[in-house]
Amino acid sequence: MATKSMVAAGERARAAGGPITKRRRRMNGDMVIAFFVLLPSILAVAIFIYTAIGWTFYISTVKWNSQIIDYTFVGLRNWSRLFSDNRFYADLRNLVYYAIGFMSQCIIFGFIIASLLDQKIKGEILFRTIVILPFAVSGIVTGVAWRWLMQPTTGINLLFAKIGLENFQPVWISHPDYGMWAVTIATSWQFTGYVMALYLAGLRGIPQELREAASIDGAGTYATYRYIIIPLLMPVTFTAIVLTGMNSIRVFDVLASMSGSGPAFATDTLAFFMYQSTFGAYRYSLGATIGAFMILLSAFLIVPYLRSMRDEVER
Amino acid sequence: MTLQRIWTRGAIYLVLAAFCAFYLMPFYVMVITSLKPYTDVNVTRMWELPKGIYFEGIIQAWTTVAPNFWNSIVITVPAVLISSLMGSVNGYIFAKWRFRGADTLFILFLVGMFLPYQGILIPLVLTLQAFGLYGKVIGLIMVHCIFGIPITALLFRSYYTGIPNELLDAAKIDGCGFFGIYRYILLPISMPAFAVVLLWQFTSIWNDYLIGLVVLGNPRLAPINVAVVNIAGSWTVEWNVQMAAALIAAMPTILVYLLLGKLFMRGLLAGSLKG
Amino acid sequence: MKSLNRREFMKFAALGTSAAALAACAMPTTAPGAAPAAGSTAASGGATAGGGQLEIFSWWTSGGEVEALNALYEIYSAQFPDVEIVNAALTGGAGQGGNMKALLETRMQGGQPPDSFQVHLGRELIDSHVVPGRMEDLSFLYEEEGLNDVFPKDLIAIASYDGKPYSVPVNIHRSNVLWYRPSKLEAAGVAAVPTTWDEFFEAAEALKAADIPALAVAENEPNFSGHVFENILITQLDQAGYLGLFDGTTSWEDERVTRSLEILNQAYDYANQDYLSTSWGDINDRFVADDGPAMMIMGDWTHGVLLSKAFSDYRWAPAPDTAGMFMVLSDSFGLPKNAPDRDNAVNFLRVCGSREGQDAFNPIKGSIPARTDPDLSKYDEYLLSAMEDFKSNTLLPSIQHGAAVKQSFVLDYAIAINNLATNRDVAAAQAMLVQAAGDAEFGA
C-alpha cells in the first residue's frame, strides 16, 4: 500500500515536472533510517527474549531434573514423558475452555459496552471508569477476591439464595470438570474494561461523516454496525484477539491465587504446571519442555492467524 | 418516535448499570473487609457490613507496603514512558515503513510476546548478570521496556495502520522525512493510542510481581505487589489488612485511568481524515 | 489544541527521562523513601564499615511468625549491634513451589546466596541444597555450641546427611494433632474425644446424625489431605515400615498403604460439604464458625491461629491411633557456601541454636524449641504438653513438610492424595503414589 501511494506521488510529481530523483532517494534513505531506529529493539528482543527461548528449548533436551545441574543430552525423553502425563492433557483441555470462555466474554462484552458508551451517555466518564476499574487490580488480588466470591456457600451463591434462587448453587471454580469456565468469569471481569477501552478509542476514531452517510442512505442501527462500524473496527478486534489469546496461554497470577491447580487439575494450566515443575519439584528440564511446548503452541496458533489478519487489516 | 427513544435510552442505562454492578461487586467486598477488625473478618460473613469503621487494617497495610510503594513508582514511571515512546516509534515503522522483511520481523516480535515469563526466569537472570544489570533497578526498568516492545509496537501499529497514507504523502511532498512525518503528522494525533498503551503498560508493570522480584533479587526492593502478597502468612491470612493493601496498590493505577480519561475524548482531528 | 497536546506530551517525556536519569544516577539498588535500614545492595556483599550485613530469607511474612523472627533478630542485634539485618521475607515457601522458593532458587543458581535461609529440616534441605553441594557442613558449630547434647538424637539424625548436620533447627511443630470442639461433640452425644480410628468413625456417625461435619478438610488445592494422610500412614505401619517408605524397603504398593488410603477415603464422607472448595488459608475460619466442623487433624500452629481469632472452644489430643508418636517437622537455618557475610551468618546460627534464642522465638511462634532444656515458664499449656510428648514419644519425620522426603516427591504425593479427595478412587491414588515413588528413586 505504501508503495502504491509512493508511486502515485511520484506520478504526480512527474506530471508537475518536479525533481523525482532526489525525493525517491530521500525516501530510500528514510527506509534505512527506519531500519536503524528499529535496530535497538531488534537487538534487545533477540538478546533477551530469543536467547531465553533458545535456552528453554535446549534445556528441554537434557537431563536436568533435580537440583544437580546435569546437561546430559537425552533427546526427546522429556517430551515423551510430558505427552504421557495426565496433567498435560488436563491442561490442554483447560486451555481450550479458558480461551473460548475468556476471549468471547472480553470481546463481546467489551464491544457491547463500548458501543453503549459511544451513544452520548450522561455520566459516560463514571461508567467508563467503573468498567475499567478492575483492570487496575493485580492478577493476584483478582484471584483472591473472586475466590471468596465463588465460595459455594457464602459467596455469590449466598446472594442467589437471598433472591430466591436457592437451587442454583453452582460449585464454580471447584467443579472438577467445569471449574475453568468459572475462572473465566473472574479473569474477564478484570480484562473486559481494557477491551472496552480499545473499542471506544476505535469507535471515536470513526468519522461522524461515515455514520451520517449511512443513515442518509437509509441504514438502520443494526445495518450501520454490521456493514460499517464492525468492519472498520477490524484492527481493534484483531488486537483484542491477540491480547486475549496471549493472556489465555500465559495466565498465571490470577489462577495461582484463585484456585491453584484446583481439585484434580480442574483449573490447572500449562504455565502453572511449568512453574511447579521448575520451582516446586526442581524438574528443570520438564519445566523447560512445558515452556518450549507453550512457545510452539503459540507460534502455531498465532503465525497463520497473523498472516491472514494482516491482509484483512490492510485497507 | 420519542417514546421509543426513551425506551432505548432507558434500556441502555439499565444495561450499563447492570454491568457496573457486576464490576463493582468484588470491590464492595474488598472495601468492607478492609474496614473490619481482624477478629470479625471471616470468609463466611463476607457480605456483612462492618459493625463500625475500623482503620486498623488500612493503617497496618500502609505501613507494610509503603516502602515498596515508592519502589514501584521509581520502577514504573520511567519504564512506562520509555516503553510507550519506543512502541510509538516502532509501531510507526512497522505500519508505514515496510522495508524488506519488516513483516516477518513483526511476526517474530509478536511470537516473543507469548513467552511465559515464569519459564525464563533463570536465563533472564543469567543474561542480566552477563550485562552487569542483575539486582539493579535500572536493569529492571530495561527488562520491562524490552518485554513491552512487542505489545506496544502491536498497539501502535494497529492504530497507525488506520491513518491514511495520503496524509503521509502530503507531508513527504512538503519535504518531511522519517522524523518529520512522525513529529508533525503522527505524534499530534496519537493521543488515543498513547492512552491505551499507557494504560496497558502502567497496569502490567505496576501489577508485576515475579519479574521485579527475581530481577532485583531482594524482597525489600521489590515492587508493591510483593508486599501485598507478603501480607498472607503461611497458615492464615489477615484478610482486612490484605484487602486494604490490595486497594492501596490499586490506587495509583486508578488515578492514571482518571488522568488518561481526557485523552479518550480527543478523537482524531476533524480535518485530517477528510479526503 | 494541537500545540497543547504536544506541550503536555513533552512535559510527560521530560518527566520520564528525568525520572529515569534519577533512577540511574542514584544508588543503583536503593529505593528512595525506604527507611534507612531497608534499602541496600543485595547482590554485592556488605560494604558498610564495621559489622556488614546479615541477609535472611524466610517465608515468615506476617502475624506471629514475623514477630517471632524479630525476637530472634533482637537477640542478635543486642550481641552484634553493628550488623545490619536485612529481613528478606517472602511468601510462598511452605509446601512446594512458591515464590520464596523460586526466588531463592534463582539466587542460588545465580551464585549469590543469601547469608542464610529458612528451610524445613530434613530431606527438603538435603535434597534441595546439600546434595548439589551448596551448603556448609555444620559439625563445627554443633560441637562449639554443644548442640549435640541438647538436641534429641533422632532430630540430629533428621538434620544430617552422611553423618554431618547441615542446619540448625529453631523450632519443632507437631503434625499429628487432633483439634476438637467439645461443644460440638457434646451436642452430638459423643462422650469422649476419639482415640482410635474406629472410635472416630463411631463419633462421626453420631455427628452426622446431628448434622455436624466431623472433620474439617480444605482440599481445594493439594497439601491439606497430604498432611492428614501421613498421620494415618503411621497408624498402619510401624516405625521401621514408615521409614522404609523412603528408602525403598517398604513398597508403596503395600496393603498397609492401601488400608491407610481407605481410612482417609472413608473420612471424606464426614468432611465439611464444601471441602473441595475450601482452601488451606480459610479452613480456620470454617473451624471457628458457628456451623463449623467438630474436629480437625492439623499441625500445632493451629493453636496460635485459633488464639489470634479470640477463639477458645477447642482442645487437643493426638490424632487417632497415634498416641506415643510425635510426627515432627521443623524450621531450620543453614549456612550456604559463599555466603556474603559468613561470620555474621554463623553468629546468627549460634543465636538460633541458643537457649535464649529458642525461648524468645518459640512462645511467640506457637511451637516448641528443638532444645531439650528450655525455660518452661515461658510456654503455655498446650506447648508444655507438647514438650512432654516430644521428650518421650517416638519421633517420626513428616512427609508433607519436607522432613522425610525430597520436595519433588512431596509435590507428587500431595497431588495423589488430592486426587483421592476428588475422585475417591483408592486404587488410582495408590497407583499415583507408586509412580511418584518410582520418580523419586527411593533406595536407588
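Couple of notes before you dig in:
Order of writing sets the labels: A, B and C. Residues in every chain begin at 1.
As a convention for this text, contacts are C-beta pairs under 8 Å (C-beta built on N, C-alpha and C of every residue); 3 or more make two chains touch, one makes a residue touch a chain.
What you see is a predicted model; the values in this text were computed from it and never measured.
Taken as a contact graph, with one node per protein chain and an edge wherever two chains touch, the assembly is complete, since every chain touches every other chain. Taking A-B and A-C together, the chain pair joined by more C-beta contacts is A-B.
The chain with its C-alpha centre at the largest distance from the centre of subunit A is C. Subunit A and subunit C have Cα centroids lying 37 Å from one another. Centre-to-centre separation between subunit A and subunit B, using Cα means, comes to 14 Å.
Residue numbers of subunit C whose C-beta contacts span two or more other chains: 102, 282.
Those residues of subunit B in touch with two or more other chains are numbered 43-44, 122, 209, 229. Subunit A has residues 151, 153, 275, 278 in contact with two or more other chains. Against subunit C, in their complex, subunit B makes its touches with residues 38-39, 42-44, 66-68, 70-71, 74-75, 77-78, 80-82, 85, 121-122, 125-126, 129, 134-138, 141, 187-188, 191, 194, 209-210, 213-214, 216-221, 226, 229-238, 241, 266, 269. Against subunit A, the residues of subunit B that register as touching in their complex are 12-13, 15-16, 19-20, 22-27, 29-30, 43-47, 86, 89-90, 93, 96-99, 103, 105, 107-120, 122-124, 127, 143, 145-147, 149-151, 153-155, 158-159, 161-162, 165-166, 168-169, 172-173, 177-179, 192-193, 195-196, 199-200, 203, 206-207, 209, 225, 228-229, 242-243, 246, 249-250, 253-254, 257-258, 261, 264-265, 267-268, 273-274. Contact residues on subunit C toward subunit B in their complex (touch as defined above): 1-2, 5-6, 9, 12-13, 15-17, 19-20, 22-24, 28-29, 31-35, 38-39, 41-44, 55, 59-63, 65, 86-94, 99, 102-103, 106-107, 109-110, 112, 280-282, 284-286, 288-289, 301-302, 305, 308-310.
In the complex of the two chains, the subunit A residues touching subunit B come out as 1-2, 5-6, 8-9, 12-13, 23, 26-27, 29-31, 33-35, 37-38, 41-42, 44-45, 47-53, 55-56, 109, 112-113, 116-117, 119, 121, 125, 127-142, 144-146, 148-149, 151, 153-156, 158-159, 189, 193-194, 197-198, 200-201, 204-205, 207, 209, 235-236, 238-239, 242-243, 246, 249-250, 252-253, 257, 270-271, 274-275, 278, 284, 287-288, 290-291, 294-295, 298-299, 302-303, 306-307, 310, 313-314.
Residues of subunit C that touch subunit A in their complex: 96-98, 101-102, 105, 127-129, 131-132, 219-222, 273-274, 276-279, 282, 407-408, 411-412, 415, 418-419, 421-423.
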